[in-house]
Amino acid sequence: MRPNERALDALRPVSFEMGASPYAEGSCLAVFGNTRVLCSASVEETTPPWLRGQGRGWVTAEYAMLPRATHQRTRREVTSGKPSGRTQEIQRLIGRSLRAVTDLKALGERQIIVDCDVLQADGGTRTAAITGAWLALKQAVGWLVEEEVIKLDPVFGQLAAVSAGIVEGEARLDLEYEEDRVAEADANFVFTADGGVVEVQATAEDRPISGEQFQALFSLARDGVAELCAKQTRALGS
Amino acid sequence: MRPNERALDALRPVSFEMGASPYAEGSCLAVFGNTRVLCSASVEETTPPWLRGQGRGWVTAEYAMLPRATHQRTRREVTSGKPSGRTQEIQRLIGRSLRAVTDLKALGERQIIVDCDVLQADGGTRTAAITGAWLALKQAVGWLVEEEVIKLDPVFGQLAAVSAGIVEGEARLDLEYEEDRVAEADANFVFTADGGVVEVQATAEDRPISGEQFQALFSLARDGVAELCAKQTRALGS
Amino acid sequence: MRPNERALDALRPVSFEMGASPYAEGSCLAVFGNTRVLCSASVEETTPPWLRGQGRGWVTAEYAMLPRATHQRTRREVTSGKPSGRTQEIQRLIGRSLRAVTDLKALGERQIIVDCDVLQADGGTRTAAITGAWLALKQAVGWLVEEEVIKLDPVFGQLAAVSAGIVEGEARLDLEYEEDRVAEADANFVFTADGGVVEVQATAEDRPISGEQFQALFSLARDGVAELCAKQTRALGS
Amino acid sequence: MRPNERALDALRPVSFEMGASPYAEGSCLAVFGNTRVLCSASVEETTPPWLRGQGRGWVTAEYAMLPRATHQRTRREVTSGKPSGRTQEIQRLIGRSLRAVTDLKALGERQIIVDCDVLQADGGTRTAAITGAWLALKQAVGWLVEEEVIKLDPVFGQLAAVSAGIVEGEARLDLEYEEDRVAEADANFVFTADGGVVEVQATAEDRPISGEQFQALFSLARDGVAELCAKQTRALGS
Amino acid sequence: MRPNERALDALRPVSFEMGASPYAEGSCLAVFGNTRVLCSASVEETTPPWLRGQGRGWVTAEYAMLPRATHQRTRREVTSGKPSGRTQEIQRLIGRSLRAVTDLKALGERQIIVDCDVLQADGGTRTAAITGAWLALKQAVGWLVEEEVIKLDPVFGQLAAVSAGIVEGEARLDLEYEEDRVAEADANFVFTADGGVVEVQATAEDRPISGEQFQALFSLARDGVAELCAKQTRALGS
Amino acid sequence: MRPNERALDALRPVSFEMGASPYAEGSCLAVFGNTRVLCSASVEETTPPWLRGQGRGWVTAEYAMLPRATHQRTRREVTSGKPSGRTQEIQRLIGRSLRAVTDLKALGERQIIVDCDVLQADGGTRTAAITGAWLALKQAVGWLVEEEVIKLDPVFGQLAAVSAGIVEGEARLDLEYEEDRVAEADANFVFTADGGVVEVQATAEDRPISGEQFQALFSLARDGVAELCAKQTRALGS
């Protein structure tokens, strides 16, 4: 049995609080059960040096956890002088996902940085971050359109992300920490609202899984993302 | 006139939300107007290497701002590989203040780290951090006593902190960002509930101030801290 | 048409030179077309600090490119003081893959580090590295068994890796640099010889791909890995 | 009794050797008892990037100790890759103090860096550094006026600094190391020659001090600085 | 007796494989016995910032060892965040030597970086690197002349390098690792083909050597370099 | 003509002030003309980790320049986070030289660190540092013998160092900065008092020098060191 008698294909209670970071052009507090990630999109009227003068913009992301977001305190990364490999992987993943649904030419020579700060971590922080980051990005480009900085919304697709894994031989959606800790395989999927594939990252932990198990995770996640996208739409509407 | 018609000797609306960081042994979200600092106290059953085997504990603090706590986005410190001079000054100040009211022998060979993370910054983040950190520390040592890890509460004094400054020639209490930006002098005071002096840090910005002006700031802050300590007591009681 | 009139499902010419790094306990020069990666497995009779005293060993990997492995010279990572995010992702991927087919208890309290140094880079360096690293690892544990340090071979599974991508709308196996540069989607797969899934990492570059396209890449790669495993077996046999 | 039968309100023997660093535009070896700090002011015809084009100059300071300035050898900060928090606090304090008596517009778009290198440390190194740095700065701007680079001396005020502390319950001026080590409270004051307040930094070490004790330190330091300013004037005159 | 019954004044078997790094403008795999160094010369149409606009080019070198080039695995330098002192000494030595025979004006405003990566290390890696680097450089400037980027070959001299040392009281040429480990003195010499002195670095390990011993090393090396230069000439000719 | 009408084989005015760093176990201010280096030897009752338990001690050195030791201000190395290649070369050279005349077994399991801090730089700082470091080391081991920590002086040889170079085609001893800047070749020699060779480092700057020129530098330096050793002996005697 899963914690809280959750069904194998059920998401945890999910909510999105738009505008949670009042000074940011776009922001969203994404909550997946006990996982809480504050996503803030900042518009900067400059692009990274390697992109200048090409008539294109950039969307990127940074990810971090507050030291006591976790059950045991985690050392700040500034203490060791650099982001960990895990952090870099996650922020590269968030950035790539957002860029896959953004027309960087239409954005113009400006940059949107989405900061994803984990306030509380109970599994699935990177997928909550992507899902919330898309909302923060969408709000920020809405602001750019409203302020008449750009004419058309450059974010042409909607996406969300969810984890799935094999736990005790079962394929389960949206693992929480207690499940993640003992999972035989762990996968993160980023899909668009209409089922397009943006990112797949699947890892067998102790030993390989079968092709069938992988396909079961893929299906669970595709349905989970559809549900998340519906919730995103409601959050944007309100 | 001050913003929001505030009196020269008036604090901004202040509140303390205890337990805001559920996994931490002690925590408090300290709110001073639009300044919001999440303070989480973590108990670790080990001490820094230089203190081992001396039968004493340690209390220390770390301070950081979320990138979009500020009106303009601030670069993460991990990007430049080390905490800035300002950050180090602030975390040293918070740690020293807390240790000045803690009996480190009575704490035993363990460490309490208080993380002060600024979610929103509108002036006075370091004084809000100290005021909230004391509450988080107090809750954490309460937990240690309750769990019968230690017998007696090692935090023997109560303290709070507040800023004061000279703006347009006037001595004002608890500056917000718009005032701080144009202040002629800026001071941070840490006092105990019964008026003891823990830390004084006063800086003339453009040109020296008079001895009388300094004394006016000192008095304003002493009264402000008394009011903050009363609020702390209510927060702990609830 | 692909470069060199290669079929969509064809690997480049592949070869493995065992023992290419004479001082190492195991080594293999893995060649995929113009991509050449020197994989050296070093046995160390110690484990990382966080693993000590648990009766288990560790397998890890490091990855780097010689500056002039690439068409344009690439700056050494030591110059910027830390491995890039890309490098860290790759070395984490290689290490996880190898551990998924190794019984760490059976290895005993020792560590095998597999260094994957790219001498020449023409696309697919990370998959060549994994494929060669498995051979170097296998040779190193063979040496441990021969030297009677351990009784049984702890590497219980055989694996190889290959890339696949969508180029000009077509699913193609084992992209070379000129293809990779213009791919719409890029994926890396690690499978076992018997079709088990070890790692899947798929990324849509500019816009999402369809579920069908993803499945086509999956199939291509599964067959490609089967072919690579047959070649590995021959290399070990000789 | 204080060491060397010094009175509670007495400075240690103080001297200033102007021109101690022959290549610098201004320099002073400041000696307070056994504390010796070499202060060298360098004029650079450029300003920090964030200040460019604003028609203003900058005054800043750097502080360091020779490894064997102390009774036990201290590790060089370059070894750990960055200045310690203490060093950064001190150099920020010196820089702020000097800027509080300098008209940065009148200085023009150039920078003066005052290096304060402690050759021997016996307590009070930061206050000796500030007192000597003001002399080095004054000599450097004198050179700028003499060379007709600027017309008027931009240093409009005179300042000096001194420490005071509570030792064995007594308020004492200008602590040496043996006193500092056991002080209950430690404070550093920067005043102008006419009693203006530039910086106050007071810290209770083990437990809070009373408001009266703080005021006693304040008075002691104000008189001590008056005496130091008289000595500075003599040093400049010669 | 020396290993392999080598004569005191004999080089190990030496070979040069030109073009070993196919993407580089010039390259050479230099082999001295079991020491193998891959030297790749990269032409960049830019110079270091401090040299710009002076009408001169630059030649520089970088040096590194693969982790398992050595009998025991060596940690990558990127792990500690910076090149070791030894590495920096060697790359400064290689660069200086090459510049001593290059007309930087004739090279024009471009830079040639010679990467020397040790694939296998058995003593004398720095001298093999210099000897191979000169060949890679020569090939790269040959390419520049052929491409008509420059008119005349700016490398006006030919040089090679060799080690010599005192082992068991004897002066020996071209030490291998087993000899180097126990040498009483160790010296590296860079000479031109016609006997000019480019660099001399001699170090007594445990106790000083006599002036006569130093002169014996000097003579051995001068003859060894003459032999190496003849081999270089043949390698270039082919 | 040389500056100050100095003869080709003449040293600059040289002096040694013993005990210049009062807290150190041994110290010497070495003055060669306008070059002034403060050398302080610190005894530590511990050895580097890699040497522990072998019954041997260690002698090492660190080298740095005050920022305004030079005609133009030099940036502190701590600012860039690591010692430069030049600094590392120099401190390795000083340490090796001292160890070549010290019996590390006789020193016992302790370390002597000699800090060489350049207060003023006018050429020849590394050779002045070595010459002064030997005096500081000698004084420190004298203290160890006097304190009866060790029985016999482990420094069995006397050494000094001097530079020589080819300037305007002439071989000159002990170059000052104005000569060094334009030298065609630059060499540093460390000899013992009785003419033993400890270190030779010769570098041709623009083009190779002849073997005869190298020998002329060698002779000049050997005589210069003999003179320096005589002065050292006098300094120790007083």
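Chains here go by letter, A, B, C, D, E and F, matching the order in which they are written, and residues are numbered from 1 within each.
Note that a residue touches a chain if its C-beta (ideal position, glycine included) is under 8 Å from a C-beta of that chain, and two chains touch if they have at least 3 such contacts.
All values derive from a computational prediction rather than experimental measurement.
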Separation of chain C from chain F, taking each centre as the mean of its C-alpha atoms, in whole Å: 51
Distance from the mean Cα position of chain D to that of chain C, given in whole angstrom: 59
Gap in Å, rounded to a whole number, between the CA centres of chain F and chain E: 28
Junction residues of chain B, two or more chains touched: 81-83
Chain contact graph, described as a line, ring, star, complete graph or other shape: ring
Direction chain D, origin chain B - full chain order round the ring: B, D, F, E, C, A
Chain A residues within the chain C interface of the complex: 82, 85, 88-89, 91-92, 96, 100-101, 156-157, 159, 185, 187, 191-192, 195-211, 213-214, 222
Touch list for chain B against partner chain A, complex: 21-24, 27, 34, 38, 40, 42, 44, 62, 64, 66-71, 73, 76-78, 81-83, 113, 115, 117, 119-120
